[in-house]
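First, the structure itself, so that you have it in front of you.
The letters A, B, C, D and E name the chains in turn, as written, and every chain counts its residues from 1.
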Amino acid sequence: MTSKIINKIDKKSGKAPGTVTYIGKNNLTKVSIDVIDFTKNSIEEFSAKNVEEIFRFKEKKSSTWINISGVHDTEIIKKIGAHFGLHPLLLEDVADTNQRPKIEEFKNELFFVLKMIYFDKKINEIRTEQVSIILGKGFVISFLEDPGDIFDGVRERIRKGKVKIRNSECDYLAYSLIDAIIDNYFIILEGIGEKIEQIEDEVIKTPGPETLKDVYSLKRELILLRKSVWPIREVIGTMLREDSKFIKKETREYLRDLHDHTIRVIETLETFRDMLSGMLDLYTSNVSNKMNEVMKVLTIISTLFIPLTFIVGVYGMNFEHMPELSLTWFYPSLWVLMIIISLGMLLYFKKKKWI
Amino acid sequence: MTSKIINKIDKKSGKAPGTVTYIGKNNLTKVSIDVIDFTKNSIEEFSAKNVEEIFRFKEKKSSTWINISGVHDTEIIKKIGAHFGLHPLLLEDVADTNQRPKIEEFKNELFFVLKMIYFDKKINEIRTEQVSIILGKGFVISFLEDPGDIFDGVRERIRKGKVKIRNSECDYLAYSLIDAIIDNYFIILEGIGEKIEQIEDEVIKTPGPETLKDVYSLKRELILLRKSVWPIREVIGTMLREDSKFIKKETREYLRDLHDHTIRVIETLETFRDMLSGMLDLYTSNVSNKMNEVMKVLTIISTLFIPLTFIVGVYGMNFEHMPELSLTWFYPSLWVLMIIISLGMLLYFKKKKWI
Amino acid sequence: MTSKIINKIDKKSGKAPGTVTYIGKNNLTKVSIDVIDFTKNSIEEFSAKNVEEIFRFKEKKSSTWINISGVHDTEIIKKIGAHFGLHPLLLEDVADTNQRPKIEEFKNELFFVLKMIYFDKKINEIRTEQVSIILGKGFVISFLEDPGDIFDGVRERIRKGKVKIRNSECDYLAYSLIDAIIDNYFIILEGIGEKIEQIEDEVIKTPGPETLKDVYSLKRELILLRKSVWPIREVIGTMLREDSKFIKKETREYLRDLHDHTIRVIETLETFRDMLSGMLDLYTSNVSNKMNEVMKVLTIISTLFIPLTFIVGVYGMNFEHMPELSLTWFYPSLWVLMIIISLGMLLYFKKKKWI
Amino acid sequence: MTSKIINKIDKKSGKAPGTVTYIGKNNLTKVSIDVIDFTKNSIEEFSAKNVEEIFRFKEKKSSTWINISGVHDTEIIKKIGAHFGLHPLLLEDVADTNQRPKIEEFKNELFFVLKMIYFDKKINEIRTEQVSIILGKGFVISFLEDPGDIFDGVRERIRKGKVKIRNSECDYLAYSLIDAIIDNYFIILEGIGEKIEQIEDEVIKTPGPETLKDVYSLKRELILLRKSVWPIREVIGTMLREDSKFIKKETREYLRDLHDHTIRVIETLETFRDMLSGMLDLYTSNVSNKMNEVMKVLTIISTLFIPLTFIVGVYGMNFEHMPELSLTWFYPSLWVLMIIISLGMLLYFKKKKWI
Amino acid sequence: MTSKIINKIDKKSGKAPGTVTYIGKNNLTKVSIDVIDFTKNSIEEFSAKNVEEIFRFKEKKSSTWINISGVHDTEIIKKIGAHFGLHPLLLEDVADTNQRPKIEEFKNELFFVLKMIYFDKKINEIRTEQVSIILGKGFVISFLEDPGDIFDGVRERIRKGKVKIRNSECDYLAYSLIDAIIDNYFIILEGIGEKIEQIEDEVIKTPGPETLKDVYSLKRELILLRKSVWPIREVIGTMLREDSKFIKKETREYLRDLHDHTIRVIETLETFRDMLSGMLDLYTSNVSNKMNEVMKVLTIISTLFIPLTFIVGVYGMNFEHMPELSLTWFYPSLWVLMIIISLGMLLYFKKKKWI
């Protein structure tokens, strides 16, 4: 639980700007480089063994998508950067997995940083993974932190020769990747929505200290999620507003759709937040109501018996001259009196609506 | 109660953009297609048995309103889209009932997504239904999720040959439909207003755990309502600001009125929210005040008798040498003493304003 | 108390836009029409018996102020609208007393909707009344919901031939009416300010459940007031920013002053709101402090006597072999012991600052 | 304490705009008029006995600063206004001490309203005083509510022939006056800062009901201060943004500095507000923690003795057949048992971390 | 802890604008002046003994970085200002360590004020130090409050002849200094992040009054940090938006990166704030839950024994005629009865889920 915040913070202070330094949880898996190169009619797909294999696609007229899983090997990033003529600040950001989502336009490329969100079943927690997408002339390069992604749908569509994606140029491909990332948010949101409803039930029916911890940890997750998602709206909003030579007119209508989806993600997050805070109020009130009920009943029992105990105490005194003690009818009368007192108090409490 | 949030979330991640997929509660009722075609002087009204029947209205010079109840049959949507030349992204949004209210201008049509709100008496809850309105050249197509709508007023006005609506072109017809949806919000708001006043009474007079749940569920309803209504302001604001070839100058003044209504809906919602949160504070204070009162009285009773019980305990001791025990006047004096102590304490509590 | 919110909500859903329908509390008093017509040198003032009497002022060169009290007789509104050439949407808004304050410029007239606020002594509550002001060429028409208004000051100035108002044209007259409405807000604010100070005293000195209800109902009043006043700032701001042919340059400087007053009204409202919420915190803390004090004292009394009761209980036991019972000095020593225990506990409580 | 809010509200509703009416606490001290007239080389300084004495400075080429203490004598204001050609709305605002800080540009003058803040030692409270500054061609007129001001520093600099202020024109003089007012805010803020730290100490060490009242009254002061200071930022921001013929280019750089100071004042106020509300949370938690501690200890004492009291009660019963009563070893064993029970309970409480 | 707020407030009210007055904690250490002068190929580095030594660099063509530690010796500041032709208001701000971060463009120089943040281990607290950076033609002058800085990385890069910094002009040098300051924030944030996680653990596992004080003091630190960092975003945003002759086109891309970093700092601060306030809620609920548990158990114990004490009290009475007393089986039966009553109550409590 703790690792998440710390990880958001940079650790390279003091280095020169533009230095490519890997920042993230040290990942020792081998970096894999997957290439899909396609034109309207042909398609070539393979995994590159070394980075040099992909260099030839720079000049090729076809559309190329190079997907690199793993950014801990900074040598690979530097080589690609040098060959494809990418800006040093861009390379620095690719290797630093603490970037916030953003879009930056450089001379030769458009650069996106996004956060892919997935539910890690091992640690039962939501995790984010940084995805950098570089849209250049005739190629799209995507960098992922770890192997395994959510782009299978896009790959399928390319392979199956879906008209739209094969006919379009690289900007549509980049759009498709971003679309896949945003669409994936909805699955995460659905999961959170289910959790919220579960907790809601718990809050209403069986509120306990555990419920509180659940609400709190969900709140915490929403805070971190929000931090990842919020800037994406800005990113896509900027793409919509500003003309960019990298994005063609036909693709713009799709961007508008994407923008709409992002806003829906954010609105759902906000709704969740509102609901959680409403739930917290309900929880607090519920718990304190229950507690109050308990205390009231207990106190009423005590209150009933304390005066009676006083009375029997009186006739437990050992004075020589207590005329009541020798009256035969006094003992049963005392019982009657005590029962009357008890009933009177109970009636009074009833009338006051305390019981 | 739970279905509402989940339903707001998309389930089609991974598909290509522009794929028409029905997203919503599976609805097996037959889709009904109702057509009203009118000019200044003539009117034709019928229910189409199949979608091909309505194709001829595309070219016809008259104004045509095609109302389709049911969006689960995606074939119908695709056919209409193909024939009337609608944009694929638009068709996707029609079939996906999780859209947020929006306006989008395409080359051949203006596309509105709105949320119709109605009170479902069966489940005693507010429900929303998505309404898509497509304003093209010479026709308006409206898609509804379920049969049954709130457009009867508009139909009446067309049938009765009301000058304004029959003389105007399709943009005024589209405006009338939107106006009917917004006007309907006021009825819902009125219902909520009545509920709020009812709860307010309850909070002041008989606050109980049930009241709290009522406040909470009303709050929840307001959160979801707000999500449906808020973007509509933006939609109509955009329509007002930007020139659109689909909306004529004469209609603009009516749009301004619509904008005003939407703002009134939102302001009323905000006022309700403020009142609810004020009520929650009042509830909490009221409940805790009542509880405090109870506890105070009970504690005062205990406090009165505990010292007296001690005193009688003293003379219940069995020491052989307790000179008081053989004094005849001691027992009655002890009663006097205990009465004095009780009255003293009561006076003290009174002076301190505790009772 | 309840009528206020409901009344804010529209009841005419389903009618065509532009239909003049009275919405408000049915008012059966006769509509009165008062006319003041004046030039620099002459003045004519009378009450019209029927609406046709005022028609002649449309063409007259002089400045005319027509004040109509009562908007429930929609026939009169329609007749005036037809004769003076007013827009149908404007007429609809005049008859619907649920409008929010706004300004709308039509071809022939500038249309203001404002809310007059007054304190209704009968029901001991603040009430709002809708005032519609129509500024046309050479005439000002004002519609009020009920007879009785706050324009006497303006009338006096016209009658006394005050240079400024008689020399100016109709835009200055309209400004004077709005100025009178805004100025009146300060009186209401002053009243609320006094109430707040009264409650503040109560909160500090004698907080009780009644105080809470007062704070809550004041808060509610502020919410509703705010809703009435807030949009007026926008109205006057719009008037200031945008050039309108209906408002002359000389009058603009006065508008700036008006804008300033409105901001002052709003800022005072906000200050009141902040103070009320601060007061609520203070109230809650005060009440809980007092309660805590009471409970502490009561609990201390119980705590003092419970151990002593145990001790005397010990020597109330009837064992045959309790050597202490036959020791002459034991009984007085026990008293000494119990006094020492009590004092010790009191000292401990004192040291701990509990008493 | 109460006078402050009421005073903020206008009392002249119904009068014509531009009527010069004194609004404030009736001040009977004589109005004093102090004049400093200077050029680069000469200086003339005197107190005028009547308002006519200052009329000659209107035409004079030198820079003139006329400082008028007291705005309750509206005749003087009217005379000055007439002679120097000031706008009637401006004169109305000078006499009305409830203005909010603002800047208004008229044809012949630039008009500032500011709030001077000082700590009134007599009533131990922060007070505000309205300062109106009129910057005309060759003269600056400043109006103060009461005698005594914070402009001595400015006077000294003029007298000492400081190069900058003597060389510059009237706009720099007006700037210097405003600068003196803003600089004075820092002293007030420092005082509040000290109070806050004092209260912070109290909250942490000895929180009591008095602390709460202090926090509340400080909060109240901050609300009122904020109301006075906030609009000043706007005033100076407007001066910076808009070109005014009254302010020369050289002076603008100084205005930027002033703007910066105002923002610092506001930020400090906001920081104070945040700290106060944090303190309130801490106070509430601290008080309730302490209370809880007390109640816990007291309840533990009761809980310890109540079971023991029951046990001794058992052997105080008078049954003829209670075999334990005649066993010699039973009484001491009972003591042992009771000690074991007590220790057991204490250990249990200890284990549970209740004591 | 207290010094921090007071220090934020100015103490020079009344002085003329542009007066260079030292405001800060009086620092008696000697001012040190360090110069690095470099071109593409050469580098000169030395510590100046007096301020006159550095005058020659004004005219020199090379890039010069003059770093001055200590701003309490206003003579040095004045001399440098006079020689390098700096604006008097700028000099005033250099000596006043209470400035808020800002950027100001003067005729001959661009002036930055920033806050360097470091963790002072002696007082175990975060401290801020003002850094003023003056970017002129061919030189950068930086003023620090105390000796010791975070610019060693920059110095290293210059010394090692790193291509970028040696090739670039002074704007890149100034950028590098600001970059070093911002990068340093991340280290501080990381430290705070660790503290937050530590407190989070405490809140969940062992919440106590100390935890509360920790949360409060962390909150306080965040408020002050925010005040230092927030305006920097504005500063760099302004640098990005506005064209400045002091900053070349190539450097702009680096500024964008810097802007991004600042936003990340601020977002992290906001996230921390959200988490802290969530933690406070959790703390309050946790503490009150624990307290409630304790009170409930204690009250249950009392409630169990009070009725039993009453029963044994009954048979402790000394009436002559109590038939039960002489029944042999009554005493053991009474024990059975009391055990049944206790078990009954325990079962009831169990059923009600109180224990």
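Here, contacts are C-beta pairs under 8 Å (C-beta built on N, C-alpha and C of every residue); 3 or more make two chains touch, one makes a residue touch a chain.
Nothing here was measured: the structure is a model prediction, and the numbers come from that model.
Undergrad: Show me the overlap between the contact partners of subunit A and those of subunit B.
TA: The common neighbours do not exist; no chain touches both.
Undergrad: Could you tell me which chains are in contact with subunit B and with subunit D alike?
TA: C
Undergrad: To the nearest 5 degrees, please report the angle of the rotation taking subunit A's Cα atoms onto subunit D.
TA: Subunit A sits rotated relative to subunit D by 145 degrees.
Undergrad: Between subunit D and subunit E, what is the gap in Å from one C-alpha centre to the other?
TA: 26
Undergrad: Taking each chain's centre as the mean of its CA atoms, how far is subunit C from subunit E in angstrom?
TA: A distance of 42 Å separates the two centres.
Undergrad: Give me the residue numbers in subunit B that touch at least two other chains, ranges are fine.
TA: 288, 295, 299, 302, 306, 309, 313, 316-318, 322
Undergrad: Which of line, ring, star, complete or other matches the graph of chains that touch?
TA: Per interface graph, the chains form a ring.
Undergrad: Name the ring's chains in order, please, starting from subunit A and stepping to subunit B first.
TA: A, B, C, D, E
Undergrad: Write out the stretch or stretches of subunit A touching subunit B in their complex.
TA: 150, 152-153, 157, 162, 164-165, 176, 179-180, 183-184, 186-187, 189-190, 193-194, 196-197, 200, 204, 253-254, 256-257, 260-261, 263-264, 267-268, 271, 274-275, 278, 281-282, 285-286, 288-289, 292, 295-296, 299-300, 302-303, 306-307, 309-310, 313-314, 316-322, 352, 354
Undergrad: Quick check on the complex: what are the subunit E residues that touch subunit D?
TA: Within the complex, subunit E contacts subunit D at residues 2, 5-6, 8-18, 87, 89, 98-100, 102, 104, 106, 209, 212-213, 216, 219-220, 223-224, 227, 280, 283-284, 287-288, 291, 294-295, 298-299, 301-302, 305-306, 308-309, 312-313, 315-318, 322, 324-328, 330-331, 334.
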